[in-house]
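Order as written gives the chain letters A, B, C and D; numbering starts at 1 within each chain.
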Amino acid sequence: MARYLGELAHLHRRMVVAGRTHGQQALPISFGLKVAAWLAPFVRHGDRLNQMTSRLLVVQFGGAAGTLAALGDKGLAVMQELAEELKLATPVMPWHAQRDSFAEFAGWLSLVTGSLGKMAQDIILLAQTEVEEVAESAEEGRGGSSTMPQKSNPITSELIVAAARTNASLLSAMHNALIHEHERATHGWQVEWLTLPQMVALTGGALKHALYLAKNLQVDDKKMRENIARADDVILAEAAVFALAKAMPRPKAEELVKKACGIATSERKPLIEVVMNLTAGALPDRAVDWQSLSAPENYLGDTQKIINRVLESANKLGSKRFHV
Amino acid sequence: MARYLGELAHLHRRMVVAGRTHGQQALPISFGLKVAAWLAPFVRHGDRLNQMTSRLLVVQFGGAAGTLAALGDKGLAVMQELAEELKLATPVMPWHAQRDSFAEFAGWLSLVTGSLGKMAQDIILLAQTEVEEVAESAEEGRGGSSTMPQKSNPITSELIVAAARTNASLLSAMHNALIHEHERATHGWQVEWLTLPQMVALTGGALKHALYLAKNLQVDDKKMRENIARADDVILAEAAVFALAKAMPRPKAEELVKKACGIATSERKPLIEVVMNLTAGALPDRAVDWQSLSAPENYLGDTQKIINRVLESANKLGSKRFHV
Amino acid sequence: MARYLGELAHLHRRMVVAGRTHGQQALPISFGLKVAAWLAPFVRHGDRLNQMTSRLLVVQFGGAAGTLAALGDKGLAVMQELAEELKLATPVMPWHAQRDSFAEFAGWLSLVTGSLGKMAQDIILLAQTEVEEVAESAEEGRGGSSTMPQKSNPITSELIVAAARTNASLLSAMHNALIHEHERATHGWQVEWLTLPQMVALTGGALKHALYLAKNLQVDDKKMRENIARADDVILAEAAVFALAKAMPRPKAEELVKKACGIATSERKPLIEVVMNLTAGALPDRAVDWQSLSAPENYLGDTQKIINRVLESANKLGSKRFHV
Amino acid sequence: MARYLGELAHLHRRMVVAGRTHGQQALPISFGLKVAAWLAPFVRHGDRLNQMTSRLLVVQFGGAAGTLAALGDKGLAVMQELAEELKLATPVMPWHAQRDSFAEFAGWLSLVTGSLGKMAQDIILLAQTEVEEVAESAEEGRGGSSTMPQKSNPITSELIVAAARTNASLLSAMHNALIHEHERATHGWQVEWLTLPQMVALTGGALKHALYLAKNLQVDDKKMRENIARADDVILAEAAVFALAKAMPRPKAEELVKKACGIATSERKPLIEVVMNLTAGALPDRAVDWQSLSAPENYLGDTQKIINRVLESANKLGSKRFHV
């Protein structure tokens, strides 16, 4: 999946899309940056998995109460050989009533589905009728409705979000099960049986679905630009403030741009045009490069460098090397 | 706390106590081994904390949508300097909508309280009137009742278990909050505000209480032996089977010991005495060393070596070096 | 709040808005119907509260173990008088270790915040830049951003959703606390202390915020119609299928409308116009009233009657009588 | 199950057992009272189920967005007939995006398993080797261990507690799923699919197991008395205080009994004997009926009346009428 997300981020690295905060257009970003933000956690998830492996892949062999008494004085030696046979490490002590590594692993599963859930939630929002910047795939009839021929529901993303939220709840059962009594618990492992296998299955399912999305996502460049324009380019407000602030006091620039936002929205005119009109005569010639300011792609900051950093860091996931 | 638990494990390393599984006496262990099992997870918690530090202590600086656009082409450089100023690392990208490291940290807090909760639950069970092998402390009036002068309630342990279970539930909120929408979430961080500070406080409180217990726990050696004897030494059943199996087929040994357990319990006689009587005349002389078999401390297997392994591994927590 | 929601539902009972399923425009509804769906659960919540009151407002008085032994044979009589003094009912037995009514009450709190959370989530989605059908209030500067003058973030709704999700997690702690040991628990009530007061506070806060929304919500009729038109009226697809199905076989009607949806979307023409063109010459004259079919307000089914039913049922909440 | 618990409560209504608070012997109760406390919540659960039925057994029929538009003006009439056909009630409005009754039902399931979990947890504690007042059943080999012939693990109770804790966690998923977006959710129902069927299955399983326990529980009268005596009758401390307080100031009585508790425990003498010795000569003749005071069954307060109240209230569950 990381490989496909990496390719997606790379492919759309300059495609301008509205960055949204609180559900509202905030600043322009590129779609590649958005995808990079879906990808970046998986590099950390890879590190986490590597780090927990030495705690997780550890033999449990201790007899009923962890003393290995039935083996006389050969207990630890047998444990050692058993571990080698099974290609597992040996623990400092039998851990039957110490479930922290299981709970840690369950937490990792839920971190993974949580990150996938964030990606899927974004896709659901981007696929809304009024936004329509992405579709889950070009597959005919996918997400169709029996009575509403216009529909193309983001059903795959929905399953992923559902898996993420279910895992988040199951995780609390796994952490309650940390309270194992004495040398072997009364009910704690039954709780684990009821929850951990599900969590593995939900995570596997969510990954499979996310892979489908990463491979098939349909991205609509034109619609992304349109959605910015339809909001009268108010997404350029911060850019406008900083541009004006070179030629006038910042508070005055802010006040002016705020006023311009109101006019742009009510009269449905591009924000920068409104700002230009409002400042006509009040600014020195060429104080502002209006044409440049009008283009959201000129206000992306370090977007390209950031995408590079993410792609480089993802190389260690081993799926594909990006040379950036 | 690790230091005090280590001392406790060391001090009571040969004190025989019933190992209990499913709430029932199973095999003899030493109280030091029990304490070692309380201590061992904290070595892993230490490793986990070290490993997550590089993910956690990372500056967040990205502007509203993570492009650093307001800083022109100096965004990453400023981020770098800010991070140095704050003694934080720099992330591959601004992570405002990637909350995995917070959820991981919350998971760690709940792992810690879960391990403390296991210790506290054991203490509550050991402090029961009918068991009475430990008391939380020798402090006068602690856990007393207004109307029942005989009471000495394990109130400190109760608070720890309560913190553990509450953290387990709060953790599911933190994992639900992984689903941050777009470049800044709509409600996810408010969920974090409502839960993460609590989790830190509950963990701090539980640690403080556990430290009190580790320092003050009263351990009753005599009662531990008595509880085994009062159960007619049936805890030695496995030892008896293995001893007999040297001189007769194992299935026959099992059958005989099972029968002996029934007699021991109903006639209230020590198990090994019953086994000896049942086998009188049927075993070669000196086939079994009855006296040795009667002593639970002779069926502790690798208990001492295991305690050593735990104490050695705990040295890296840095609180105190055990030379074992 | 019910009163304000009722007024809002009544006021906008004929305002056409897109009904959305899976995040996509599905069928036309009225905004009043949407608000009625926010209101309807609160009638049930009122019933639930009334029904649980007799379980909840019950004195707990039993002495340490529930026998009332310290009062000789006057225990139940004293309990009775105490209950009368406190204006509480008497339980069949002291319930110190039976926490079901507390957990039920906690569930009710979370049901309330869940229903408020659904309303708040809808508002967040309706307030998105690309939808903009509602704003939380007309208050100047509300939800503003320090650097982005165009923003008006749905901050009140966000707090409500956060309260709902936090309560959902805390509820699992309350249900774990049902497992009280013996006649008085070891840690269960401490768990309740840590969670129930929070749940009450979160519910109170969410209700206060929801009341603000119910009183101040800004609704943009024009935008609602525009959003339907901008999606080329495909929301009328089902209506078109049923209209055509009177003059041709239903499968054929479906096929034709599906094709028309494709054309409408790609050529950006109103769906019904496309359908009309596609069927030109193939249908008997006046088989379809094209003008009526073009108006979403003609495909609202029993919306008005349903709103009436909800308003009537809400009368019993006692806040205001709607005569419908 | 209520029937068997009722019979059990009735049968053992005068069997004295230690009432335990915080895991410690507090005051004498009867075992029948303990069972009554397991039974009492089920009367409330029955009431709850009856009350929610009218909210739960309600047809959902609304078309895609809840307007019933496809049926012209006959929508509500068809809904009415459908409901009659299915023997369901009609809702005030289609409730596809209002999930409160599902979450309420899930809460009920978890209340039921929580109450069963309390009973099962008590049985696990009572079945401990050091307590041994009950066993799950007389069935041969039940809860046996492969290597430890003495074991009789409370495996059925363990499954019940595990079901209770798992349901408690799943419940938080159901409450998160209350946040259904717009007229049909994006992922909320998938969460319900993943959790509600499990909760039903876990509850059914727990009930089946609890029925087994209610029918088969082995209760050891003798052991119950022995456990009180072995704790030197300190459970009578409150009784002693109240008895002495008739002949001396209460604070003095408390002080004296506290001292007596210490002596009883350290010298292993029955508390009342110690109290008698301590007060020798200091009390008027016959101020205290020492023999009566020595018998825990004389300090049960309103236990019998309370059991009657519970049995009478349980009659409405309809399984069996107790005439008390």
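Here, a residue touches a chain if its C-beta (ideal position, glycine included) is under 8 Å from a C-beta of that chain, and two chains touch if they have at least 3 such contacts.
Computed from a predicted structure; not experimentally measured.
Shared contact partners of chain B and chain C, listed by label, are A, D.
Among the remaining chains, B is positioned farthest from chain C, on the basis of C-alpha centroids. For this pair, chain A with chain D, the centres built from the Cα atoms lie 44 Å apart.
In this assembly, the C-alpha centroid of chain B lies 28 Å from the C-alpha centroid of chain D. Averaged C-alpha coordinates put the centre of chain C at 34 Å from the centre of chain D. Multi-chain contact residues of chain A (touching two or more other chains) are listed as 20-23, 26-27, 63-64, 70, 124-125, 145, 147-148, 154, 158, 161, 165, 168-169, 172-173, 176, 186, 238.
Interface of chain B with chain C (complex): residues 63-64, 70, 124, 145, 147-148, 154, 157-163, 165-166, 168-170, 172-173, 176-177, 186-188, 190-191, 193-195, 202.
For chain C in complex with chain A, the residues that touch the partner chain are 18, 20-27, 124-125, 127-131, 143, 145, 147-155, 158, 169, 172, 176, 227, 230-231, 234-235, 237-238, 241, 254, 257-258, 261, 265, 271.
Chain D makes touch with chain C in their complex at residues 19-23, 26-29, 33-34, 36-37, 40-41, 43-45, 47-48, 51-52, 55, 63-73, 75-76, 92-95, 97-101, 103-104, 107, 110-111, 114-115, 117-118, 121-122, 125, 161, 164-165, 167-169, 171-173, 175-176, 178-186, 238-239, 242, 299-303, 305-306, 309-310, 312-313.
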